[in-house]
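The two complexes that follow have subunit A in common; it is paired with subunit B in the first and with subunit C in the second.
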Partner chain A sequence: MNVLIISAVWGVLMMFSGVLLKGKAPIRILAIAGMLALVLVNVLEMQGIKIFHIQTEGLMKYDRPALLFIGIATVTTFLYLLLSARDMEKVGAYNSEYFALIFFIICGIDLTSSFQSLLILFLGIEIISIPLYILTGSDKRNLKSNEASLKYFLMGSFSTGLMLMGIALIYGARASFDLSAINTVVDGKTSVLLTAGMLLLMFSMAFKASVAPFHFWTPDVYDGAPTVFTSFMATVVKAAVFIAFIRLFSDAFGKFQPQWQMIAGILTVATLFIGNITAVFQQSVKRMLAYSSIAQAGFMMFAVYSMSAEGREGLILYVTAYSLATIGIFAVLIKMQDYTFDGFNGFAKRQPLLAATTTIFLLSLAGIPLTAGFIAKFYMLKAALAGGQHLWLVIFAVLMAAVSVYYYFRVIQAMYFRDSETDAHELPVSLSFKWTLVVLAGLVIVLGVFPDILLSWYYF
Partner chain B sequence: MPINYYIFLSLALFAIGIVGVLTRRNAIIIFMCIELMLNAVNLLLVAFSKMHHLQLSGSNAVAGSEGQLFVFFIMVVAAAEVSVGLAIIVMLYRNVHSVDVNFLNRLKH
Partner chain C sequence: MIALLLILVPLVTGFATFFLKNDRTARAWALFASVATLAVVITGLTICKNDASCLSYSANWMSLLNSSFTVKLDGMGQLLCLLNAVAYPIVMLATWKTSYKKAHNFYALMLLAQAGMMGVFLAMDALLFYFAWELALIPMYFLCSQWGGEKRIAVTFKFFVYTFLGSLLMLIGILFVYSHTPLQSFSIEQFYNAKLTVGEEQIVFWLMFVAFAIKMPIFPFHTWQPDTYEQSPTATTMILSGVMVKMGVFALLRWLLPVVPIAAFQWGDVVTSMAVIGMIYASLIAIRQDDLKRLVAYSSIAHIGLMAAAIFSENNSSVQGAMIQMFNHGINIIGLWIVVEIIERQFGTRKISDLGGLAQKAPAMAILLVIVALANIALPLTNAFPGEFLMFNGIFNSGVTQYSKLFTVLAGLSIILSAVYTLNMIRKVFYGNTNELTASAVDISLNEKIALAIIVGIICWFGICPQSLLNLANDTSNFILEKANVLPLLKK
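So, the complex of A and B:
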């Protein structure tokens, strides 16, 4: 609740800061300070100190997993702002508004990670989506950015329509939007209305989370959007959608698991297959990362599929590992002039520190031991195995992880083992940028060796 | 009137909206079809709300009011979406002088 209110107020403050403050630096500092404040008030709330006492009437519940994920989202956004706030100012002239929209998205993330009613789920998803449509199109003169935002907008509101239809059908069956009221089995069977609504909700969440076969908008939108905002969309927002996905399907449809588990399994397999195989054929690193985000979504789907305590722990770990690594890679990518694989040729000689941290991030995404990505994948597969009888799914996932090594290592190979024929240049990088990258890489490794640091917050 | 009539009417409207989104090429018309989908949902919610009220009002005097409340939220969110969506379409029109979504194939390569 602390984060929800303070981020809304701070977002409005950011909008006025464009008028009241002169120059770019004060606005940027105000945004970073605001995000730091959100991190702190969330830690306070985890310690039991609430600044605002508001009766939510059962619409929201700030339990441990919700607060932990809000913490992760604010911390990763804070790191993202530290790395990329300067690059956001280069997109267009409206830098204070971009920061304001980021704060409003955090508001929506707070709602989607704590909802106990379908109404709040709907509002949260929309509060996340509408600012994202704007951020995607923020490079107004660029046709690719225009296209991406129109496509994202049409696809996004289409899937919102599906979600609303699902909610309406469930309301017809259960006379309530409350998750616990939906999660009851009467006479051992479910009505047609409820089943149809559940499927529509599953498909619309799959749309938002870019799970195949509802992923087709993702590569185009991620490719067309300004790279700074792609970074945010592909990490924090995607993580928030998955947290909402698992909360919805455990709290509202947990008792109907036999009905939807097979469909979730099919979605998982399709996502892993399409994401990984298509990523192999990409020539642009940005587009490769878009497909890689689909492939990683396949692994996150394992948490929804298995729906156990282990799966939920694994998802928390997975979204953290994935967000940290992807934010780091995108921050480096923004500095490149050439987004193709060849653009990375000889990068290790020009920027040894950046190349080393990028390597750590890529290893984490590929799931190499000692990085957070490995332990996260391990948790996911362990959760799927614990459910029993799904061995083929786990084998398939491991095979696909092996495929992913190919395209992640292509970048590493280009950086270390190829020389650049042209004199390629990067944008200049500041010392603070380098230090933040080192901190990110350090976090990836520390989480890989001691995942309990994060998971202990889950229970205590 | 039985509730089935309302369900079939709103599902028909919803299906018209979906078919429109999938087949039309003009961004504004796609947009109108999405609005049609949302309004089909509104109709269904109001119908269910009335149904639950008739069934449950004996034990709970405000039964079914949540559905109507939800409709207001959908209307507000749809208005916010319209304002952003039209802005995006205007932005596109300034650059390509067309609102035809067939123009949107430059990203696929």
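So, the complex of A and C:
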């Protein structure tokens, strides 16, 4: 609740800051300070200190998982702003608005992580999506950015339509938007209306989370959007959608698991396969990361598929590990002139520290032990295996993880083992940027060795 | 405490090496670090020999998963940690004169790999074991791709993906067993008590066996090996073939046989057949090799195959033989690599057909090499003899297979073949007439002499009195065989 209201107010504040403040630096500092404030008020709420006392029963519930994820989202956004706020200013002239939109997205994320009613879910998803359409098209004079924005908007509104249709059907079946009211079995059978609504909701959530076969917008949009916003879209937003996904399907449809589990399994396999195999053939690191985000979504789908306590814990770890690593890689990528794999040739010689941290992020994405990415994948596999009969799915996932090593390690190979042909020029990298990256890499390692630090927040 | 130090010393010194900017300092520091590790092992083997609390260490780690940081130095662990610790100073000495670009990174990664391998040999917790297994692999990947030969990037990548896929399958196996342990824990005692049906045991067996078979490597999982050995920098190849491949053999004994005894019994014949085919196949290829590095690589496949066959014969003689052979083979093959390295550095070629008559020019090297080569074909009075003898004895008398006689004959054939290629190599490289290339050869330098002399010393010492090694192997071997004994289970 603290985060919801303060982020909304701060968003408005940011919009006016462009008029009131002179120069770019004050605006940037205001935004970073605001995000830090959000982190702090969320910590306060986790300690039981609420600034606003508003009755939200039946609409939102700020339980432990919800608060933990809001915490993760605000902390990763804070790190993201520290790393990339300067690059956001380079996209266009309206820097205060970009920051404002980020705050509004956080507002939506607060809703989607705590909803108890389908209406709030819908509101949250829309509050996240609409600012994203704008951010995608924010590089106004770039045709690719415009195309991406339009594509994203059209496809996104279509999936929103699906979601509304699903919600309406479920309302027809249960006469309620409340999750716990939906999650009841009446007379030992489920109605057709409910099943249809459930499937529509699953597909629209799959679209938002770029799960195959609803992933087609992802590469184009991620590629076309300004890189600095792709970073945000691919990490914090995607994480939020998955948290909403699992909240919806455990709280509202948990009792109907036999009906949808097979479909979730098929989505998982398709996502893993398409994401990983297509990523292998990419020539641009940015596009590769877009497909990698699809592939990682496949692993996150394991949590939805297995729908156990372990799966939910694992998802928290997974989104954290994935967001930290991806934000780091994108932050480095933004600084590059050349987004192809060859552009990374000889990078280790020019920027040893950046190359070392990027390597840690890539190892984490590939799921190598001692990094957070490994523990996250480990939890997903463990959750899927706990049931016992999903061995084939797990083995398939592991094969795909081995494929993923190919494209992640291509970047490492380029950085360390190949020499650059063109003349190397110094990247404009500040000292604080380097230190933030080191902190990010440190977090990835610490979470990889002591995941209990994060998971203990889940319970206590 | 000793067990913890064995991991910490190379780990901490390794990280520190990254920050040494001077190459010579880094080299000296790495030698010092490896000698320090050796000192720790020797302390563990002598002073703390009977003090269990000194040899083991346990600390809380991921308590939500019931995984703890538990390390223990048991008999088999002592053998392999000793090998690991002895190998490093020898390798450092032998390659003292080789200069590397960015040497501090090279030595740092080497030490980190040592820490990982120590972890594998000491871990008494499956998750810790897996961590260490991968930690040993990552530095190897960077070592081979950074400092290797021309085709290094592609070759190392193949090696990496191969082993990585294997270890992921092993991870599923570990998770599978974990979910069937009585207390949902990763500790090795819990793994030994896991309640698995026969069908489940078979799944676990294959998931884990593939990982170990790739690492060893056993035919038909060996295709990464000759290329990788050929392309890697020689110091790395020494560690890779001397110590790292023993991780696979070791893991068979510690994590496979006692955990899934019934499946190991059922599939024992298949595995032994694969191993025996691999031995003969690799020996035949080795005979036709013209490249010294590839020859040694294939000879390694043949030797490892024998160890695998011995392990699946499941009796005291063969298992003990395999354990001490892990140690001895590691020492011998490092000796062979040292000679290959010297030849390659001096003449710029590894082709046997280009060389000849080296004995006239480099007598010291020739004498030392011949001893190492004789050890490679397990002549009596060399260290490899007791191990191979015990293994053959065990395979011949194996109670778990009906084909023991056949396996013995076929495996014995590979020993004859190994004499063929080893002696042939000596004849062509060291004897005969010198040619233009070798006419200007000089004898080996002091550091190489020391390294080879240490190896020859170990070869002779353990060839004449192998009892101290057997004492180390005895308890662990009894323990493993007791766990792996399926005959009472089958009677039920």
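Please note the rule applied: the second predicted complex is superposed on the first by the 455 of 460 C-alpha atoms of A that agree within 3 Å, B and C clash if a C-alpha of one lies under 4 Å from a C-alpha of the other, contacts with A are read in each partner's own complex, and residues count from 1 in each chain.
Everything that follows uses one rule, which is that contacts are C-beta pairs under 8 Å (C-beta built on N, C-alpha and C of every residue); 3 or more make two chains touch, one makes a residue touch a chain.
Fair warning: this is a prediction, and the values are worked out from it, not measured in the lab.
Within the superposed three-chain model, A:F378 lies in touch with subunit C and out of touch with subunit B [touch as defined at top]. Between subunit B and subunit C, B contacts the larger number of subunit A residues. Look at A:F177: by the touch rule set out above, it reaches subunit B but stays clear of subunit C. Residue contacts after overlaying the shared chain place A:L150 against subunit B, while subunit C stays out of touching range.
In the superposed model, A:P369 makes contact with subunit C only, not with subunit B. Contacts of A:F158 after superposition on the shared chain: subunit B is touched, whereas subunit C is not. By the document's definition of touching, neither partner reaches A:V438: not subunit B, not subunit C.
Across the complex, subunit A is touched by residues 3, 7, 10, 14, 17-18, 21, 27, 30-31, 34, 37-38, 40-41, 44-45, 48, 51-52, 55-56, 63-64, 66-67, 69-70, 73-74, 77, 80-81, 84-85, 87-89, 91-92, 95-96, 101, 103-104, 106-108 of subunit B. Here subunit A touches subunit B in the complex through residues 119, 122-123, 126, 130, 133-134, 137, 140-141, 143-144, 146-151, 153-154, 157-158, 160-161, 164-165, 167-169, 171-172, 175-177, 219-220, 223-224, going by the rule given at the top. Here subunit C touches subunit A in the complex through residues 61-64, 130-131, 134-135, 138, 142, 145-146, 152-153, 157, 160-161, 164-165, 168-169, 171-172, 175-176, 178-179, 203, going by the rule given at the top.
For subunit A in complex with subunit C, the touching residues are 363, 368-370, 374, 378, 381-382, 385-386, 388, 391, 394-395, 398-399, 401-402, 405-406, 409, 413, 416-418, 450-452, 455-456.
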